[in-house]
């Protein structure tokens, strides 16, 4: 049972809720963040929820028998818009997130950011902690990379999104980022999800490479039940037997998620295909299928990139991408977010 | 080694080719159909190809060391347009193929055909032989279904495409159909592919449900080397672990195929997702990704359909589909084929 | 509804059954083979089955509402033993089937057969029709290969099993083989399955490379409902993302099948892994998991094999295989079939 | 470049190594644990390795150009035996690890431990931190569960293995456990792997549910290059399309891993199939294929289990399991580890 409190709830209101739960024999744990307070009760007696609903500070009481309740459209029928700074990601816009796979240097980062911005990107990506299959591959610049990213973000006036891979890094990452990215390999790193949920920061949650839609939404629910509903889902391809692409973009996941959940969903055409020549057609497919945005890799010199250069777009590619997104957004009655 | 003869080659020309191959110690088999003659030689000595190229009637000699040569863009750089009657499927148009999954009765077939035509379909589909996982499921009306299909096709002036599942049915199916469909389960039924190749009829070759792009093109090569290059490929979803859709539409296959092969490629959004509510967004994604057309299931009364009713579009849905296809085709500078 | 008649049923008995079905408004089709007669009725009224059960010649009436009935243990609780000539495949024995992937020449075939027999094989395999992904790969010797196989089988007194890929080849294959093999690519070639079912010949039915256990049993049901229950299932690996083996042997399928179906199930460790060094450990796993036998590739000179040489066992390997099978069969209280 | 120092290396020896690397322009980081010291240098000049090899304290210098070097058989040709307390896991024995999926209470834990020990288990498993797909499922008892586990381990004289899911829990888990388990969902939680590697504790590394063998070995390499080679790999099934089992046990991975790596590999037949009735046949297959042990779920009352009861073995099942393991271990010339 999850008790969703009103945004105006006070600490005494929370105490009231906990008291009712505990007097009914249940256990309660409280989370707050993102302007919301939730009380999760795992074994309260059945009649307690009725009592709780009578409290003025209680907005909703969600049964825990069904899965992904907080992120479901049953819980919230209207599709959500998540805001990162002044940037909106949601049903009315098509948001372009762009930047290099990894922060390599201040110059490289700034050049990429300028290319991204010129092409209409409103959010800047850049990885400082890179989870790589091999321990011998470039692992990112760490904290110094975060500082470069934040500084370039401020200079170009683009909010920044960056991956977090360890709950022990939360303070330093939150100090420099506007949105936290959870990568495919950490989609079921539940302790990380819980810790992120408690920060109240906007989250970009990538789909695990063999995660079902159901499991993906349950991962989002881990963030949500820790007090944070500012979650954007990102489809980045699943693992199949096909070898001509690095992963198989599951384009159907876009409408499927939008039917099940109120959360925005964007597509990563760069990591899905793993090939520069597929980024444009996959972006077009994503927008046409209704995705709320795309996130793409950009690099000034893909051949020299320290990470995934084979899929990064150049300045020229980005111009073409912009035209495609604009055209297709317009067909769907939407705008490229500005 | 495959010797591709000129369209104007005469029987004596073919005899010359065979003589050269056999005098070099090789074996030759000849196929013709679709306005082309091919001589396939499996073990000729290396110097023979040079001799053959000197003949005026020889258009090309393809080494058999590399895979899918005849269907490759190396063999034919310009993307092909396949014609079924007067209907074109190729890079300049977006072709809509529609009809019921199975022919059930003359009335049902005619009603579906009228809905399809009203929505801009230029090719009519309808199955008379239905390969079903269970032997206890409806297996199609067989020859009587073919007759219904052909008659409705004539009445509505729509060429018809229908599935063939057994080489022994070739004569009867060819007598009633304008295009032969090979279903996913038969993509590697090589004897069927060879037999179809020899008819010279246009072929719609669906991707096997766990076939790689490479294997799919090799299946097309079986048809091609039997003398027939009028092949349209159809992506219909692959089998993965995901359970919210029947199959996972591999949208990346569209640009991947178009890069590797000159053959047109269309998408089946009905069988990919297996859900009516996904047909429209998947169609939009397919057109935006560059597919040369789509093939959809239509039914007047989906609840009562004998096969796959859950994914069939109704008259209302088809109107919306038409608008979407037109809009997106126009964005790509193409027309809904008329 | 399937009406299973007694082995002693006469034509008038069959007529009685059909009359009852048709007078109830149903349609009936009759199959016989393998010493059994079945009447399949697809739309009879509900009360008809009760009437049929009163007939002395009717052994069972199976509802068609549930899947794979004839091959299920509900239909026949005791696990079956299938006989090919004098060779038994079933729960009391461990049967070794061995031979070359493809028949290449009389000498090669005889040498392989002698190696197989010396290692305890009681059934000889050899392919004359080879379904190959590429049309440019060796396709088998066809009818002349069948003759070689049959002749070597007689000389070594080993019944032979060979693949059939086209219903038009049934007469010629049945004339030379003791057991018909259906390959993975044809597991859902339903017209082939039906045609084979009607011959009454023992069948070795390989699992399709992305077939579920459920679909595999339904494919067997196609053979069964055409009048033939002499079916041996063969697990040969499924397609997954893993690349260190050609396919992923689904060892769990052995106990799963044995619980759901009375049919014997054997394992193909050669095609599962596609690597010679894995054949022995996979064979050991198969026997220990309870498989009723294994089928392995043998070659006198694997380097020179025309098909799948990389997985073929040599004379030395076969000696080791024999010892392993004997030891493990004994642990399970079984014998290497003689 | 990884410099592997001798077990007898002293701090001055390490300093010598680092000095040589840095004077060549490289960067060095040092790790020790598990009786070994490693120096990892990511960008040293090419000639440095030759210099290093002249030092007496240097056992090996491994180039980082190739993947999974430290865990490879090229690096260490003889297969390793990992010791957890007095318990050996390696090529000479078959080790049985057993216990409940989750620690639920002192009584439940003790009863399960006694069942496990009576059946020949020498290592006790029990989860205190449970990574569950749903945030609403039982998440484990946490630290109090660890205390119960440790206390029962001492009482029954069984070393204990338990899962760790967060690097922040390392101190508390190491204080109570003899071996750390990394679950499938965390196989690519690289920060966790690095942190664990630095503890020098024995590690049980489960395969990710869609990880290739290559990626699994690279995950082990993350632990290894942090200074710890006491790693046991555990195959627990991969995700495929098959639905009759929870995962598909990739039995081929056992011999494949043993060929590529010197690390021991065990099998988890409980989580692979997710079904009690499959645990015994899959255990038999695992031992016959050469697995160095198995890890199984036990419960006194599976129906009441808080986690995965459907796959837990009872006291009776465990007796049968013991007999099977003993028989099959003996066939392979091994013993059930005592």
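Each chain gets a letter, A, B, C and D, in the order it is written, and its residues are counted from 1.
We adopt the following convention: contacts are C-beta pairs under 8 Å (C-beta built on N, C-alpha and C of every residue); 3 or more make two chains touch, one makes a residue touch a chain.
Not measured: the values here are computed from a predicted model.
Copies subunit A and subunit B of the same chain sequence form an interface built mainly from equivalent positions, shared numbers / all numbers used being over half.
Pairs A-C and A-D differ in how many C-beta pairs touch across them, and the larger number is found at A-D.
Interface equivalence for B-C, evaluated over A-D, C-D or B-D, points to A-D, where over half of the contact pairs coincide by residue number. For this pair, subunit A with subunit C, the centres built from the Cα atoms lie 50 Å apart.
Distance between chain centres (mean CA atoms), subunit A to subunit B: 40 Å. Rounded to a whole number, the gap between the C-alpha centres of subunit A and subunit D is 32 angstrom. In subunit D, the residues that reach two or more other chains under the touch definition are 210, 239-241.
Taken as a graph of touching chains, this assembly is complete, with every chain in contact with every other. On the side of subunit B, the complex with subunit A involves touching residues 210, 212-214, 238, 240-245, 248-256, 259, 272-273, 277-278, 281-282, 284-290, 327-328, 331. On the side of subunit A, the complex with subunit C involves touching residues 239-241. For subunit C in complex with subunit B, the residues that touch the partner chain are 42, 64, 67, 131-136, 165-168, 185-186, 188-192, 209-210, 215, 218, 221-222, 225, 239.
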